[in-house]
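So that we are looking at the same thing, I have put the structure below in structure tokens.
By written order: A, B, C, D, E and F. Residues from 1 in each chain.
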């Protein structure tokens, strides 16, 4: 039995609030149950030095957590003077995932910076970040189209993510903190709306896992992502 | 005429959402019009080294701004590897203001860390932070009383803050960004519920100001703070 | 009774040594009693990036304290790898104060960097810094005029600063360390030679203060600044 | 056809030089073709603060690359003043992988620090690091047994790693730099000697991949790891 | 002919001002011509961790330069966030030189921190620092004796330093900036009052030098140091 | 008697392995007995800002030590976030020494970066670094000649280095760690193939030394460097 009473394949209630803050070209509050992340997409002219003059755009991501987003307070990274390894790992993942979703050659020499800031954490913050950021990204691309900054929508496909794991011997989808901290295995899956894989990251926390177990996790994950993409699209269909 | 159409003494709509996030002992979303700040108060056992064994508690504050809280995106301080001078100045101000509000000798060897994170900025983020943080602080002190961590409420008085300034020659209260960026003078006022001053910081942005102008600003500020404290108390009176 | 035996309005012996060091365009040792600060003004061609091509100049300030300027040794900020919050706050204050004193549009695309380095501290280092830096600034502006770097003197007015406070219930001017560390309230006042306010920063250290007390402090401060400006002018009148 | 002329499942010549340097308790030069990494395992008394008094040990890892291990010189991380995101990600991966291989409760309050320093890079440096580090770790554990620092060998299983990918539409094992930089997909696989998965990290560089493609990569990877573990054991069997 | 008109062996006018600042246990302004350095020696209880419990003391040094001590302004190291290589090299040199002058086993578990801050630079700042610091150190040791912190004077010998070099083919003593920046070779010599060498650092700036040239420089240096030590002693003999 | 059984003037077995790694224009493993350093010379187009447009080249050096190159593990400088004073001092020394060996005006606007990374330390790592780096530098210069990047070989002379010291009262050459850590005096000598001095750095570790002792050390050092240069040339003579 899962601590939340959910079935093995059941994901948490999912919510996207678009235009959550006023200034960003895309701004989404994403909620996977009690995990809440503000995802903004900011459009700026110009690209990083290594891309200058190549006629293409860039997408990059940064990730942060409010110090008291978690059960006990974490040090503020700005105060400690550096981003931790976990933060860097996550923001690199978010950036990679969203870059594959966009044909950068159609973006002009513009940069979209994704900021994912966790205001409340209950497991799965990185997958929620990717999922919410994709909605914010679509809003930003639509802003660029509306303003004439780009001619053609460069979005290749929607991207969504979910965590899956082995909890008490059973594969389960969308782990919350209670499960995550006790899971034997934790896997993050980033997929396209067509059901192809963009990124898979699986870690044996307690015990190594078999190919058969991985198979079960992948199936749960693929099903969850289908649901999540449907919700992304439903929310984006509204004006 | 003020850009917002407000009268000289009129403050922006004020809102406090208590229990805004789940984990902190005190968690308040404060809104001064379009300025929105998440203020959390986190209670931890122990005090900084310089206070060890003195039998008293400590209150400290940190301040941050989401990169896209503002019109154009600011660099993330955690990524730049240090907090800027403005951030340091503000968080020192918040900490000082709240420490005066509490009898630290009644707090035991406990630390309350205030985090003020601006999710949307429209002027007056530091005064909103102090005002919201005071509500979060009261919730945290009540938590400590309820848990038996302290015997007696150490709160001396409520603290609130507001900005006042000279805009187009006229003293006005609670400047928004449009006014703030064009003001001749900007003054931040932190006061107690009894109408005494905890901190005053006035800066001539464009032109030095006279004692007479300061007098006008102080009167507007004192009146605004009376209103703000009333709202803090109203919100705290609810269960 | 003040520890120094001074009357409430009496400031400490004030001294300015111009050309204190050899290389800077303006170089002043300022002494407020036992507080001693070396203030240099360095002229360099060019302006920070955000001002390029705007045809105006810039003034910026940095502040430091020798490790053993104080009773017990403080860590060297260069060795710790960052400037503390107090340092940043002070150098931002000095920079703001001196920028208002100068019509930057008459400065050409030149930058004047003010360095205030405390070699001996006995309270009031930030106000001494501003006061001494203004004299160094005037020397640097005269250097620029003499060298033909600028056509017209861009100085709007002399700027001076002093601290005032409530010590044992009484308002006093120009607090030394013994008073400062025991004061109920500490206020730094930066004013023009015309008696207008450029910056006011008042902090309740121990107890909030009333508008009436603030009024007393302002009067003492204004009188002290009149004296200080007279001395600045007297010293600058010498060749 | 692979640039190296290898078949799809063929891994590069593999070599382990034990006792490569003199001081470390375990010191191995691992070579996967032209990728060469010095892996040392250093035993020290004591554990990090968060483990003190729990009666267990700890394993942690650091990763670095000599500036000119690569085709063009990279900045030295020590000179830049911080480890990059890629470095942090890799060293966290190495640490996790080796911790699962050891029953930390049998290690006493000792720490083993793994250092993986790439002296020549030709793709697959992180998987080579894990593979070489496991051999160094075994040597360090044997040292501890011989010295009586531990009573029982805490090794649960050998751990090895390999990269697999999709190169020109075909799944291939153990990518070198020429393949890696052109691969559509790159996957790092860390497994136990029993063929169970400790970590899987797959990234679509160019195009998302299907579950079927992942299946092919996993099979190649599992076969490669079987070969690699055999070589680890052969080398460790020598005195 | 030397730019200053001095003879080859002639050192610059030398001055020591003891008790230059008020708080330090030893505080000396040392002047070698236009090179001026404030040297303080601060006594604190306790020793660095690596010496704890060994019953001996420690001496360490830090070095800095005011930003405008030089012809053109240098960045403030505290603002840049780190001490440069030159600074580190110099402060390590000062620390080593003074530690040899003292029998640390007679110092108790106390630390003396030497701070050398250059307020005006005209060549030879590191040798002036060592020379001035030795006087400050003696004052601090006498303070410790007077306060009963130590029983016996731990000073082994006076230490002094001077630079020598080859300027336009001729060996000269105590180079000023004009010579130093054009010298073919620059050598810093730290010696005891008995004429033994504590540290020698010679660098070919322009052209390598012969053993014969080195011999000439050493002789000039030894003679200069004899003069300098005499002046140190003369100054210390005064009450 | 020396711990190694060597005679006073006897240096350790010396070995240079050219083309030690694949990518650098010059790559040498240098061994002085058990001290082993990888020295690479990397050629890049362009020069640092301060040399732009002057038509000359630049040579710079960086130095590092693998964390477990030593008896007990040292912190990784990249992880600590800064290079220590010792590292900076050494890399500045290496850079200076090699710059004098080259006529920078014949190098074009190219930079050669020397990296010296100690993989095993047994005393004398800085002198081994200089000695090995000179061989790598020659290989890089020959690469530049072969590629037509430069017209004429800018090498002025070979450079080599050795440490000498006073061990148990006797002058000895090429100290290993056992001697170095017990030496009364340690001197590093960098010389040209013609027997002229580029750099001399002597430090009294335990007791100051006399000019006579220095003379003995210099003679031993000069003889050792003659041997070392012969070996550099022998190795470079091979294709």
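Quick note on the criterion: a contact is a pair of C-beta atoms (placed from the backbone, for glycine too) under 8 Å apart; a residue touches a chain by one contact, two chains touch by 3 or more.
Composition by chain, UniProt nomenclature: A, B, C, D, E, F = Ribonuclease PH.
It should be emphasised that the depicted structure is a prediction, and the values quoted were computed from it without experimental measurement.
Among the remaining chains, none touches chain A as well as chain E. Superposition on CA atoms relates chain B and chain C by a rotation of 180 degrees, given as a multiple of 5.
Annotation: the chain D:chain F pair of sequence copies touches via predominantly the same residues, more than half of the used numbers being shared. The interface in B-C, D-F or A-B that matches E-F, meaning over half of the contact pairs are the same by residue number, belongs to B-C. One finds 32 Å separating the Cα centroids of chain C and chain E.
Inter-chain spacing, taken between the CA centroids of chain A and chain D, is 28 Å.
Inter-chain centre distance (chain D to chain E, centres taken as mean C-alpha positions): 50 Å. Each of residues 81-82 in chain E touches at least two other chains.
The touch graph of the protein chains shown is a ring with every node of degree two.
Moving round the ring of chains, first from chain C across to chain E, one meets them in the order C, E, F, D, A, B. For chain D in complex with chain A, the touching residues are 82, 84-86, 88-89, 91-92, 96, 100, 187, 191-192, 194, 196-204, 207-211, 214, 218, 222. The touching residues of chain D, counted against chain F in their complex, run 21-24, 27, 34, 36, 38, 40, 42, 44, 62, 64, 66-73, 76-79, 81-83, 87, 113, 115, 117, 119-120, 122.
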